[in-house]
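Listed after this line are the structures, all set down as structure tokens.
Two complexes are shown next, each including subunit A; its partner changes from subunit B in the first to subunit C in the second.
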Partner chain A sequence: MEKRKRRLGYLIILPAVLILILVLLFPLLYAFYLSLFNVRFFRGKISFSFVGLNNYLDVLIDRTWWRSFLNTGYFVIFDVTVGIFLGFIGALILNRRLPLKSLWISLVLLPYVLPPIVHALIWKWAFNASYGFINHTLILFGVIEKPISWLTNPNWVLPSLIVANLWQGTAFATIIYLGGMKSIPDELYEAAKIDGAGRIQSVWYITVPLLKPFTQLLLVMKTILTFKLFELVYAVTGGGPAGLTRVVSFEIYRTAFEAYKFGRASAMSYILLGIVSLLVILYRKLLFTYAGEE
Partner chain B sequence: MKKLFVAVFLCFAVVTLMANTIELNTIFGPEDLGYYIQRNQMFYDKTGVRVNITVVPYGRDQNIKLIASMLAGGSQYDIFIIDCVEVPMYVESGWVLPIDQWLTEDLKNDAVPFALSGMAYEGHWYGLPWVSEWKSFVYNRELIKKVGYTEFPKTWDGVVELSKKLQQAGLVKYATAWSWAQKESLICDFVAILSSFGGKFFDENLNPVFNDEKGVQAVQFMVDMIYKHQIVNPESLAWTEPEVYKAIYNKDIAFGMMWGLPLIDLDNPEISNGPGEWEIGLMPSVDGRHPYSVSGPMGWAISYGTKNPKEAFEYIKFLAGPQGSLDAALKAGIVPGWKSVWENPEFQKTIRGLDKMYEQAMYIVHRPQVPWYLEFSSVLQEELHNALTRRKSPQAALNDAAKAAINIRDEWQKQKK
Partner chain C sequence: MRILYKIVLVVGLLLMMLTSVIPIYWTFATSISKDRDLSKTSRNWFPPYPTWENYRNVLGLTKGVYSVGHQFRRTILNSIVVSVSVTIVTLFLAVLAAYAIERLRVPLREYISFFVVLTQMLPPAILVIPIYLIFSRLNLLDSKLSLSIVYIALNLPFAMWIVGSYFRRIPASMEEAAIIDGCSYLKALWKILLPIAKPALFTSSIFIFLAAWNEFIIALVLTTSLKAKTMPISVAEFMGRFYTSYPLMTAAGIISMIPPIVFAIAFQPFLVEGLAKGAVKE
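== the complex of A and B ==
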């Protein structure tokens, strides 16, 4: 009877497993296969010439790739540190009794629900030195005297894009933390209050530790999502000026769909996958704790 | 029983008829969709061939779907719009059918030279001209009149002088702006400026020559326009065409370059601040004798995997042949690639400035027609930006781009073998 039940269970999940294999496992394996070949289209045929790990070696010694990687690293560091911190502060504020609370929550949600390309175009106009609202506002309040070329000045362009990325990244962190805060029982805060704990102490000793699983989730999610950053760079700077804002996903896209080097682009994807996986493992080893470990 | 028999027979007849209907599939962006639907219906009424459209959100989005289709045999889309810079790559990959057998001498003679040559590669033709655009030079007649000019200068030196006068008179903060973001638009502008200095990209053996004296002069002039003469809005380094157009519509600048039929929008008071004030001019040049601008023609091409090549050509001829182009130009403002349309009185009446545009059409240069263009373009964009942001000298940037071009070319040729 037990065996029959189990068999039925397998049968029921079989279609889902098959679909997962088809849409997840197959592309993953096929991309790895491609990464070992030089793929060429010629006279209506695709030719594969085996190059072993050469595509990987070519990428690893390519300075452009590492420069893109470094640029992406800046985005990740800021999104993981500043983004998570600001998201936490935002969630703390929104978790309080506020007038028009739903409106504030909706406003915070807005950057997150915007399609990435719309998000990018909004910031493209915001940073426009001649017509953008950032320069306009800063000049209006006397912070600066003349417009700053946010997107053309080599010193400003990367920080500008990092800020634009944080706008969406912070919203994501706020939503996750807000959900986490709702799950903390009020009794804990009430007991702390009776014991004489102030607001900051309550946050430090109750909210922060209980939100640790959410912080861990955010660390992993934000690292993965930010390494995939594409639309913002594609639409706002195209990697410029002078390649200063190139990021890895953009590099992969260009290699695949502009240079038509699918083997090399697949190798790039696998190198990125390896680095991100390594980071996640590092997080797990260094930062994560599980029930019973503390 | 008899009724049942008749019903079954009718069903069978309808199914047979439907099975015999030839269908062609195509893919493109949402621009002018209504026009295409209307024309496709007319084609169906005329020939019984149905054309189905897959619409992608943005024109360039078609490329990934097209490539996927090509890799799967090329039968998913029978016909498609191809950009001039993609022709060599598509031909080398074997994704597009030559149309030589259908391209009559009459058609060849009627085509505007650059529009048809943009669809050619190694002596064969691969598409009928469609949206045969180039970048037109536009200037504000009223603004330059205020500083004593009745005609736009023909030389770059003259342009610098005029620009300074316009700025000194406080008429504009910057005389002009360009689409010099690190994107394809930068290459388009560079092609025009390089040609206006008498330079070119490659020699007949595909060795780079854009880093010669003329190329360096051209890039140095671009740099000088920003920093020395300060006549270009420095934000141009982050701008593509939409931002430049906005500056033109606002009259924030006095001259610039625009694709398509610029005066349609520039004369429209809902879009432009200076309707009736803008004119089409010939591109200025270093000596007034090289008024070259850059091409961006497209064409209707036929997939190598189509099962109905004859019908596919019939369709593209219906849509993009001289008669079809006239219809498209009149009803949808699509720039024609046929002399007979440009010389048609009905078309000439539609907008002013067409005579000047047609004059420019004889001085048009293509971007390099090589199968590895897109990869090269990406490298050149970055090197030009290195020069324009003064991280490298024009000579060093162009030399590095030339070195990269040789590597890309050699790698391509090695793989081809």
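== the complex of A and C ==
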């Protein structure tokens, strides 16, 4: 009976296991194999020549690569500071008793559920020098006098993309925090009120500490998600002007599918994977010891 | 003091909603403008002569030279086929796998978390290189089927995890009685467990569908012709290479936002719950 049960179990889990092994695990290992070769891809024919760890060494001393890392870093930093802060404020507002609350939450959710390519389209259009609403609004309120070419001006292009990315990142933080706030019992706030705490005090002494696990989670998630950023750069600036907006995912894509250096691109992927894992472990360790001290 | 607080709250809410909606609205206003009215549209925040013409053109409903329209329509169709089949197959496989783990004692539960973390962490750029080379050797490039298989693999862990953790909350006694009465395991799964687990199935199907509908980089690499190209790739083409007009570009953008927007409004609680869960998992 028990044996038959388990045999049936293995049988019905088999398709899922096969797919995960063949389509996820095997390609990942294959990418590592590729990273040790100089792979040439010409007219549908692939040729390999073994180069050992040379691809890794080449990437590690490549300035363009580290430059793209730095660029990605800017996105991460703004997303985990400004995005988390604004998301927290947004969740505080939405956590109050409001008419039409469910509709407001849906609207806040919008930026997060849109296809990333449409997100890119929206902001390409919003930052358009002559027809975008950013220039129109800023001129209307007298912040600037002449329209700015946000996406071609070297000083403005990265901040512009960071704002576009925050649009989505803040929405995500709001939703996560909102879920966290719902789990805090009202009695805590009532008790604080009786003790004479004001609204700001009760947020600072009750909400913020109790939401710490969610903040930690957002730190980790946002770092991971931001390293995936691709569409915004690919479709809005194409990495330009002068390579100023190249991010890591874009750089890997370019190396593989524009320069056809599959070995090198695979080495990049593994370096990226290593750094992201390291960051995640570091975050967890830091946050864990931090939480343990209390 | 109370009034001041109320004002701050209302202003904050208003700002938040405007930030969310204005960029989308701006895209929409452009999509119902004529090409030559663009500067008026942006000055007045609304077109002087609103028209659905761009939508007809972008969908290829007008006769004439709009071959872009024909192309866009094909890619929408591809996207629908891929997203729907990925959702159904992933859900099917996930239910079976979750049942095997939670009820038939297949000891693979820890691996699910590993795969959930892996699929969330992995930048798709990493996966797409080996898959491209493997698929090109096997002659599997540019096909809806092979694109779907990759999407299924990427969505399976999350679906298995959502469905599995729901199964675990349902007491086993629910099916045990039926099984003792001679009901087969699979029948018990189908007749007893699945009806109870509907919310989990629903949440995961929304997420799978959206993930497949929204995905860009894998489709960009794996598909080249209208046979398999999905809608996001077509939208990207409107934004650059085959640049035609802003109204057409924005109309294409608005059309491809329809499913996510409908989902966000109609199934908001499920989305919020799934997001929170997926995040907590990590």
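Here is the rule we use: the second predicted complex is superposed on the first by the 263 of 294 C-alpha atoms of A that agree within 3 Å, B and C clash if a C-alpha of one lies under 4 Å from a C-alpha of the other, contacts with A are read in each partner's own complex, and residues count from 1 in each chain.
Just so it is clear, contacts are C-beta pairs under 8 Å (C-beta built on N, C-alpha and C of every residue); 3 or more make two chains touch, one makes a residue touch a chain.
Here the structure is a predicted model, which means the values were calculated and not measured.
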Fit-or-clash call for subunit B and subunit C when the two complexes are aligned on subunit A: clash
Partner chain(s) touched by A:S130 [first = subunit B, second = subunit C, both, neither]: both
Of subunit C and subunit B, partner touching more subunit A residues: C
First, second, both or neither for A:K193, with subunit B first and subunit C second: neither
First (subunit B), second (subunit C), both or neither touched by A:I46: both
First (subunit B), second (subunit C), both or neither touched by A:F227: second
Touched partner set for A:I13, first subunit B, second subunit C, both or neither: second
Subunit B versus subunit C as contact partner of A:G239, first or second or both or neither: first
Which of subunit B and subunit C A:A259 touches, first, second, both or neither: first
Which superposed partner A:K101 touches (first subunit B, second subunit C, both, neither): neither
Clash with subunit C, by subunit B stretch, listed 8-16, 44-52 or 62-70: 62-70
Where subunit A meets both subunit C and subunit B, residue numbers: 41, 44, 46, 128, 130-131, 236, 238, 257
Sites on subunit B touched by subunit A in the complex: 63-64, 67, 70-71, 74, 89, 92-95, 181-183, 233-235, 237-238, 243, 246-247, 252, 304-305, 372, 374-375, 377-378, 381-382, 385-386, 388-389, 391, 415-416
Residues of subunit A touching subunit B in the complex: 38, 40-46, 127-131, 149, 151-152, 154, 236-243, 254, 257-260
In the complex, subunit A residues that touch subunit C: 2, 5-6, 8-10, 12-13, 15-17, 19-20, 22-24, 26-28, 30-31, 34, 39, 41, 44, 46, 89-90, 93-94, 96, 98, 102-118, 120-126, 128, 130-133, 136, 167, 171-172, 175-176, 178-179, 199, 217-218, 220-221, 224, 227-228, 230-231, 234-236, 238, 248-249, 252-253, 256-257, 262, 265-266, 269-270, 272-273, 276-277, 280
Subunit C residues within the subunit A interface of the complex: 5, 9, 12-13, 16-17, 19-24, 26-27, 30, 38-39, 41-43, 45, 93-94, 96-97, 99-101, 103-106, 108, 115, 118-134, 136-137, 149-150, 152-154, 156-157, 160, 185-186, 210, 213-214, 216-217, 221, 231-232, 235-236, 238-240, 246, 249-250, 253, 256-257, 260-261, 263-265, 268-269, 271-273, 275-276, 279-280, 282
